[in-house]
Amino acid sequence: MSRTSYDRYLTVFSPEGRLYQVEYAFKAISASGHTSIAVKGKDTSVVITQKKVPDKLLDPDTITHLFSLTPTMGCVMTGLLADARAQVERARAEAAEWRYKYGYEITPDALARRMANINQVYTQRAAMRPLGISMIIIGHDTELGPQIFKLDPAGYFVGFHATAAGQKQQEAMNHLEKKWKRLAGNITDVDAAQVGNRLGRAEVIDVAIEALSTVHSTDYKPGEVEIGIVSTSEDEDLKTRGQWRVMDKEEIDKWLLAYGEKD
Amino acid sequence: MSRTSYDRYLTVFSPEGRLYQVEYAFKAISASGHTSIAVKGKDTSVVITQKKVPDKLLDPDTITHLFSLTPTMGCVMTGLLADARAQVERARAEAAEWRYKYGYEITPDALARRMANINQVYTQRAAMRPLGISMIIIGHDTELGPQIFKLDPAGYFVGFHATAAGQKQQEAMNHLEKKWKRLAGNITDVDAAQVGNRLGRAEVIDVAIEALSTVHSTDYKPGEVEIGIVSTSEDEDLKTRGQWRVMDKEEIDKWLLAYGEKD
Amino acid sequence: MSRTSYDRYLTVFSPEGRLYQVEYAFKAISASGHTSIAVKGKDTSVVITQKKVPDKLLDPDTITHLFSLTPTMGCVMTGLLADARAQVERARAEAAEWRYKYGYEITPDALARRMANINQVYTQRAAMRPLGISMIIIGHDTELGPQIFKLDPAGYFVGFHATAAGQKQQEAMNHLEKKWKRLAGNITDVDAAQVGNRLGRAEVIDVAIEALSTVHSTDYKPGEVEIGIVSTSEDEDLKTRGQWRVMDKEEIDKWLLAYGEKD
Amino acid sequence: MSRTSYDRYLTVFSPEGRLYQVEYAFKAISASGHTSIAVKGKDTSVVITQKKVPDKLLDPDTITHLFSLTPTMGCVMTGLLADARAQVERARAEAAEWRYKYGYEITPDALARRMANINQVYTQRAAMRPLGISMIIIGHDTELGPQIFKLDPAGYFVGFHATAAGQKQQEAMNHLEKKWKRLAGNITDVDAAQVGNRLGRAEVIDVAIEALSTVHSTDYKPGEVEIGIVSTSEDEDLKTRGQWRVMDKEEIDKWLLAYGEKD
Amino acid sequence: MSRTSYDRYLTVFSPEGRLYQVEYAFKAISASGHTSIAVKGKDTSVVITQKKVPDKLLDPDTITHLFSLTPTMGCVMTGLLADARAQVERARAEAAEWRYKYGYEITPDALARRMANINQVYTQRAAMRPLGISMIIIGHDTELGPQIFKLDPAGYFVGFHATAAGQKQQEAMNHLEKKWKRLAGNITDVDAAQVGNRLGRAEVIDVAIEALSTVHSTDYKPGEVEIGIVSTSEDEDLKTRGQWRVMDKEEIDKWLLAYGEKD
Amino acid sequence: MSRTSYDRYLTVFSPEGRLYQVEYAFKAISASGHTSIAVKGKDTSVVITQKKVPDKLLDPDTITHLFSLTPTMGCVMTGLLADARAQVERARAEAAEWRYKYGYEITPDALARRMANINQVYTQRAAMRPLGISMIIIGHDTELGPQIFKLDPAGYFVGFHATAAGQKQQEAMNHLEKKWKRLAGNITDVDAAQVGNRLGRAEVIDVAIEALSTVHSTDYKPGEVEIGIVSTSEDEDLKTRGQWRVMDKEEIDKWLLAYGEKD
Amino acid sequence: MSRTSYDRYLTVFSPEGRLYQVEYAFKAISASGHTSIAVKGKDTSVVITQKKVPDKLLDPDTITHLFSLTPTMGCVMTGLLADARAQVERARAEAAEWRYKYGYEITPDALARRMANINQVYTQRAAMRPLGISMIIIGHDTELGPQIFKLDPAGYFVGFHATAAGQKQQEAMNHLEKKWKRLAGNITDVDAAQVGNRLGRAEVIDVAIEALSTVHSTDYKPGEVEIGIVSTSEDEDLKTRGQWRVMDKEEIDKWLLAYGEKD
């Protein structure tokens, strides 16, 4: 009951030093019923997320959790979809401003930092609630290669080799860690970067599909998942190499088949 | 009781990560006592809604839930009618601004996205309550053909082959899905788009009338429903082809008769 | 008790999707102790309302519920008289602005829509309470003939053949509907517009007087009612034809007598 | 107890459609312990009010409830004296602005309407409380002759032949009505205007003194009442004819004596 | 308990029509533990107040309740001293503005009215609390002679022949009234102005000292009272005649001695 | 419990006419655990305060309660140190503005009055809390000699011959009064100014050290106290004569030794 | 329970003179689960903090608590990381502004004071909550040598020879004090500055590692701690001498080894 006193005023600490509104925003993310996975390898980063079409008459092309941010960067948004759109528009505006000001594309880490700072402001000022969204950005950094950054409503962001967000975030993270260990040969002290660097485009996609399929114990059909990819692999078509793109149904079908046949 | 703590402040999450005010706005829509249906086919999209004249001395011409947005786009508004008018005026202004800025008409999806973004803002800021309105936009996209978009107070929007809003939304959605299945020959995995593409102007209108009549178990008379249509069918009169128009009583009578005689 | 949580904040939905403040404003109207009636016919629209002079030493000329809006439009205000004056001033300003901007008089429906939109704003924003007033506008539309529009605090407005507002609104509406049925020859499915179109100036006035007299079971004296009229009938004096005017005591006396003698 | 919920927020309706703050402002008026009377006749309007000097060492010249508004208009203020002064200053400013804008003096009804509109705003917006003041304006209208208008905190105003305000308002109103009836010869249906028009300057003053004396059962001494007058009577001194003036002690003494000797 | 509802919001009436915050400000004045007396005569007005030095090491020259406002006007402030300073600065600014605008010094009544109006605003708007101060202004009016005005937190002000403020206000007022009666020869209906006009400079000072000494049953020493004076008496030194001045310790000693020897 | 109603709103009186927030700010001062003493004599004023170094690894040079305000004026701040810094910065800005505007240094009393006025504003407006700081200013006034002024959160300020602030304020004040009495030869009615004027630089410092040592029953070591001084004595080094300076450890050691040897 | 009344309004004192929100912000720091240590010596200052990688797939290069502020100054932030980033950005902006305005780098104490003042404002105004961050700045002052300043959410800042922040702040402070004592030869009255001045670059690093290892009873591995350093020692590489730098894993490994071998 004493909580009710704190959560009505966004910018106030509870006696335990907690910011309840931020914690509730996290609840909004896990309650969204979606799980998203991101994996990066030597030359490729992908995001995969469930595509739930609650209604059969809904036009599935109009519903997506994947958004492009710059030609070489995209993201998967998990949580309140209306909030997601608002955050994506802001991210695009920030990227455009950077391009205009500095004459080159913003890097994934710079964009992640900028968006995280905006989120922090929502937790300190009284004017607006925090956004109920977890944002995972993937992209290609000319110096650092494939990149994954995850931002949360608290204004916290960090890079990953592989990560997850949403309903089954914890299960997916556990699965990915075990996978990494297995890839490293079941040694105790895995060097995650080293393992990642051994993964080519196909392996990265496979790991991502496996993670989503496993935590939901589901064999997904092409229309049930969305996959976004940025790859500089030679396997990637020349004209999309290094670009953010969302796979079409045929390509997804191909990868799902490949994953299915593996077993 | 603990709810009272959250719903007084629009922009605040409850401990479960919910935004109560937005949920109450949905209640305002279903409590309005109206049902609206939208269906699209190969070349035609229609909306049908009940025309309730609570008072016999009321001038029925002055009461409507259908509004034109641009020459080729219209909408049906379900919920608080006063809020509806405010939202329609905003939508028209947005469409006019687009035309002015870019020199061509806004497309249905762009208008739907813009209006949804405005709704999202009402859920994040403290200044105004969300609007108690479900907006279904129909129109013709030169590339994509007939379009249906539904927006809700949460700032969420999505495209449909056929959809419904208001009091009997759930029943109507169920009916439409079953209808689609029947049209597809009762196979399990219906491709909604494919089924829709087989529907001509007359079929689309028939499906819409059937849906509304069925969920309310009523044989409507011409003065009891409103029908809005955008059709590029050759059956459509040349001068209204591709334009949003509201059917007059005679035309509605014709279609209701056709539907009645079918049985 | 749980209501107290909602009605202090104007712009907030209750869990049932209701806007309590708007409902309380309706109470303020019915609690005002006044009833107003409006009736339109072929070429005439009239409003009649009670003139209560609570105090015998009050100057009855200074108390009125009828207000002119433009030369050809007037209204009867039912509810909080101080709010009424504020709304009338706004309506006049809107009409004047229209005339200035477009070069011709605003039409009754345009003015009604504009005022209703202003009322809607009071229900969505926190700055002001809704006005405790029901406004019935009458006027002559060059295309559509006599017009009656009723606006309420919710921002809802609609046209009528005959309507009522205030304390005995329901009784008056019932009476008018029965009257219409009687005029149509007691058939079930009355076409209200058709019946209205058969009513000349004298009949319209008679119907209005009858309605007010019946619901209050009172034989009114000239000083006890106010009548406003806009008529293009040939019975109307040439210099006031098509103009809004408030009847003087002598004329009211004449019509009351005519009504009395009818029985 | 449930009242406490409503009266803290000025601009909010209670569930019964009442505005409590406005009602409390009326309490502030009747609790002020003062009674004021206004009477008008053929060519004269007067206000009379008690002059209470709570403290014998107070300078009685510095305490008054009578204020001039324009050369030909004045008022008596009943209620919170500090609020009265604020309202009088506003009224003078409004009158001055009118004179500046239109080139002639504001009429009593125009000033009363303007001030009432200002009061209405205090009841609709949250920024300020309503003023705890009843304002009675008297003046001479070149067309309509003597005028009395009474304004209240609700923004309501109306003209009177004779009226009262403050602690004994009800008793004074009753007394004045009976007086009017007696003047009319004890007929039932008194025409208040006709009776008023028979009253000359002396009679008007006498009626006012009688009303105040009777409701307080007091024979007032010159220093205990204040009388303001606007008269175009030939009995009025030429240089104050048609002007607002406050009687000096000698003149009040004369009229009190005249009233006393009458019995 | 029900009071707590009203006193948190400055500008709101209680159900009895009272403004609690204003009443609490009066408590702040009487709780200050100070009493001030003002007396005026034929050609002199004086204020006397206690000089309490709570701490023996305090520099008594830095603590005062007397303030000059213009060369010919001063005041004694009773209540919260920090508030007093703020009000004095405002009064000086108002006086300076008057001098600048009109070319002559503001009169005591004009300054008192202006300051009272400012206080009224604090009681009507929500932005600031009322000031916990009673202000007694004395000065010389070229037409009306010596003047005393007392202002309170409610925005009420009035002139006096003699008055008091603070802890023993009521006792002092009673004493002064009795004194006036005695000076008038113990007749019942004392004309306060007439009595006052018989008092010369010495008598005025004596009356003031007597009043303060009596209500506190104390024989004051020079360092224990402050006396401010504006006198046009011939007894007054030529270069301070008609000017506000604060007596030095020697002069106070002289007058206290004179008072003491009288008995 | 009823207190909770008042202390949340800074600018509001309690029913007893108290301003709780201001009283709580005083608590913040006494709860700071510090005591400061100020003493002035013929030609010298000093402040002494405890230097508590809660942590042995803290750099003692970075912690101080003494601040210079102008070259000839300084202060000791007792209470919340973060608030102290804010107030000192404001005081310096005010002093600089004065110098710029008038061409000479601000005097101690003018600066004290200005800062007190700023504090009063914090007690009347809702925007900021009062500062939890007691400020004692010392300096040299070319006309009045050494000066001590103490300001509190209520906006009250006054001059002293010797004073104290903080945890042991009351005990220190009592000690200083007794000391003054002893210096005066144990007579009852001590003239504090006269006693003070007999104190040379060394005596003033000795009295201050004695007061602090006595109330805390501690023999302070050089690193445990801070001493600020403004002296025009001939004992003062020529280049710091009349200037504010903070003593270094060596000098403090010298004075503590002198005090210790005295016993 | 009574606390709930105070902590919702940032700028308000509790009856005990406390500012709860500030205290809760301290809780947020200690609840962060991190400990940071800072030590300075003759020519070197270092900060060491734990590097916790909660997730094995997280990219450890993207997570840090060390930030550069100017080329010669850096800091370790302990508490809410999102708040930390906001404060660091502000600090850099302040440093840049100083450089621009004055033409030379800001000194550590000036930057610490400026940031502390900004924190104080958050505790006095209602607009924003205090930041849940403890900031320890290290740097080289050309006059004073190595510097350590610690700032807290209350706006308090102070210099140290060695200090700690976060979860084990108290234990680390105790350890460091004991260490200093041991370094001084176990004498009672340690001169912290003198001890510090005997520490060279290697000793300073060793003391810091020892402190962190001891309070957490952990032998840290290179990837588990972060070390920031500013050193003018000749042992420091010429091109980083006097510059802030963060050690790479190899260097950390070297120092951890050296510490481990010492035992």
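Read from first to last, the chains carry the letters A, B, C, D, E, F and G; within each, the first residue is number 1.
Criterion: a residue touches a chain if its C-beta (ideal position, glycine included) is under 8 Å from a C-beta of that chain, and two chains touch if they have at least 3 such contacts.
This is a predicted model, so every value here is computed, not measured.
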(request) Would you pick out the chains that touch chain D and also touch chain F? (result) E
(request) Using mean C-alpha positions as chain centres, tell me how far chain C is from chain F in Å, no decimals. (result) 74
(request) Please compute the C-alpha centroid of chain A, do the same for chain D, then give the distance between them in whole Å. (result) 74
(request) Between chain A and chain G, tell me the centre distance in angstrom, where each centre is the average of that chain's C-alpha atoms. (result) 33
(message) Using the touch definition from the top, which residues of chain G touch two or more other chains?
(response) 8
(request) Assign the assembly's chain-to-chain touch graph to one of these shapes: line, ring, star, complete, other. (result) ring
(request) Enumerate the ring members one after another: first chain A, then chain G, then the rest in ring order. (result) A, G, F, E, D, C, B
(request) Enumerate the contact residues on chain F facing chain E in the complex. (result) 2, 5-6, 8-9, 11-19, 109, 113, 116-117, 119-121, 123-126, 148-149, 154-163, 173, 176-177, 180, 190, 192-193
(request) Mind listing the chain B positions that touch chain C in their complex? (result) 1, 3-4, 7-8, 10, 20-21, 24-31, 55-59, 61-63, 80-83, 85-86, 89, 127-132
